[in-house]
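What follows is a group of structures, each given as structure tokens.
Shared between the two complexes below is subunit A, which pairs with subunit B and subunit C, respectively.
What follows is the complex of A and B.
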């Protein structure tokens, strides 16, 4: 039992650790556009949150989800701009809460309206955009970095939504194994969010 | 005549607005370091062109078996073989040319840049397995970097995908582009053909504008040359783009005996980067179809005009550099 908890804490710690990979190596090799595009992939929080957002949008169907193709990259850009003006506005607890909300919505198979989906996506993207822009070197070309970050956000969310729509068509029977699998995934995402929130509160 | 003079004046003004800061920065950020072998495995280094940050601040890294105590580099019996890099490359020091003058054999030079931060010193003896591995690592990476940083090449490929769509037609088109640029890359690298870099870059920009026009034609229901014979267009412009790829290999001081292998590895790197880009674009097209997220009718021509506008911006910028070299 102790080992089980230890594993959980280690996983949570890994999620909250700052980026292990040095994104500036990417910048030196391929420039600031690719640094912006690859920077989110050096942080597990971005990978999990972006993917969870894509799965939630995809599970609500193409007609609702496709708005995120524009809303998500715009949120990242807005977050980057706000972060530049006011500093990073995100913390471990905010990310964990977002993950928890997305997980619960997925697990409950809640049919939320498009406006609410867009608001959640924009908020999450803005938080992560600010976080990504917080540790930029003074000589980083912010325009190229922002373009790279927005392209990465667009690519990840679009592909995740399409894969989810393909896996679980909206018209599918709610008792089908695909629908249950997506809800189970939501449960896991919520659990990760809860774990992260506990760790953030405890530390 | 007067019109041409006015055009030239306008282009000069444009050049003055667009280029000087960039060019000054580039020149100031270069350095040249020469290593002379004084006895077997022992080299003495000297900066013949000091970078703007100062020689003392350059963080030079030599192969692990070498002892670096500048100006001396002592590599013992194995000699100076292996990777050399500079850890603090950046905007203030983007390119460093390293010249090696051995006791026996031809002097060689290697370029370390932010795009290719590691130079593999290959030694003067017969190539060993290690030599080939180092060569492959260096040039495959260099090829990948070159295509990923070549926004003009990628935009041309994107235009081709837009016109051709998917399936076998796309496979044939991309293969024709690959054959075209591989042939001209080899010919240019071996010195069989030579085209000045600046006019060539302007032509590459024009090739993208051509693809933009072809997309507009297709959207209007006209059957353009690319729609009819995509492989022929891809092959022809592939020849032009290949000479552009060759310019990336120029000035690296590569030995002639290793040139064919380096060329092969560089081309493999270019193909890996190109294939990754094509697959990503196809995946995104599939995703948009799956989500039924297509452009509204009024916006259908936007991508073509965007491709055309960007390419013409590049064309005029490059033409300025042809007409008014600074």
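What follows is the complex of A and C.
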């Protein structure tokens, strides 16, 4: 009986305590999280570079690529922090060079070591993290923005990597159409990087 | 009444056929750059037929050309694109682009079997000229990165079309169709070459 009363009091307290429910949590300061998560998708450079990174990691196999699940978001956070202290360190030439390097590695089907893959991923993520944080308003909650950005980076790289690992041929056949398709994509990425590098130098 | 319709109908049809579509809204930003990049190789018939011919010839030559081509062609074309972006002129670009359609069409029509390095060198020279033409448009586009993505993708897809058409070589009748297609491409190349040399001026 006592237990029954106690339940009643708890239920009544729960009903009385909650404040008004906000269906739109963007208005409750969590909007900065969503801003961080969506900001990279408003820039084509982020979309192309992140996807290219995921494809490169996936083409090297799950055992090497899985390190990026941790390294890439950490790189974004590091870039965001460094960009705040020293200003944005990115530019058209740096992004284009990254595209060129990733594209050439993909086109050549180079079997790079895990340490080098992680270093490229961290460098790229740091560049883009700094770029994403460069135009933040003073009243933006940087912690929420960083959390959103890291979540977006984690999601894009993990999904792209997983799709590439699934797409790869099961046998190590360099002339299978899947292997050639991935290498051809690398050729396209490298071509875009080369032209954008020249454009950055010319402008 | 009926004769009046018969008199005015051909005029209306001709007027309709000759009009250019009016674009009230110019595309800007990423969408504009991507669209112009995608359409640039596809709307220039000389570019389009040459890229398809490269794919068909690669399929005719077989391995390794059929798989080396889609991997390396965009990169070599990008070298030409760099020259175009940096405004470094190439000699007679329109004439060489027309010649590329003529020579690649002929190679397909007569089933020319060059050694792979020689075939790669021929294609590389033409790739630089085609890339130069595309690259020259890049700085003025609505979004240069989107334009680059668009034209590299369009070129790659045109190659794939050519390679897909080239798979018809497995059947004797298909081989004849491809050779006829090659002759058609060479004929169009002749037309563009004459145009480039000012024959229709």
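Here, the second predicted complex is superposed on the first by the 169 of 203 C-alpha atoms of A that agree within 3 Å, B and C clash if a C-alpha of one lies under 4 Å from a C-alpha of the other, contacts with A are read in each partner's own complex, and residues count from 1 in each chain.
Rule of thumb we're sticking to: contacts are C-beta pairs under 8 Å (C-beta built on N, C-alpha and C of every residue); 3 or more make two chains touch, one makes a residue touch a chain.
It should be emphasised that the depicted structure is a prediction, and the values quoted were computed from it without experimental measurement.
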Partner chain in contact with A:155 - subunit B first, subunit C second, else both or neither: first
First (subunit B), second (subunit C), both or neither touched by A:188: second
Contacts of A:165 with subunit B and subunit C, given as first, second, both or neither: first
First, second, both or neither for A:107, with subunit B first and subunit C second: second
Which superposed partner A:175 touches (first subunit B, second subunit C, both, neither): second
Touching partner for A:30 - first (subunit B), second (subunit C), both, neither: first
Contact residues common to both interfaces of subunit A (with subunit B and with subunit C): none
Residue ranges of subunit A in contact with subunit C within the complex: 44-45, 48, 107, 175, 180, 183-184, 186-188, 190-192, 194-196, 198-199, 201-203
Subunit A - residues contacting subunit B, complex: 28-31, 34, 62-63, 65-66, 69, 139, 155, 158-159, 161-163, 165-166
Residues of subunit C defined as touching subunit A within the complex: 30, 63, 67, 70-75, 77-79, 81-82, 85-87, 135, 138-139, 143-146, 148-149, 152-153, 156
Touching residues on subunit B, where the partner in the complex is subunit A: 89-91, 114-115, 117, 145, 148-149, 280, 283-284, 286-288, 290-293
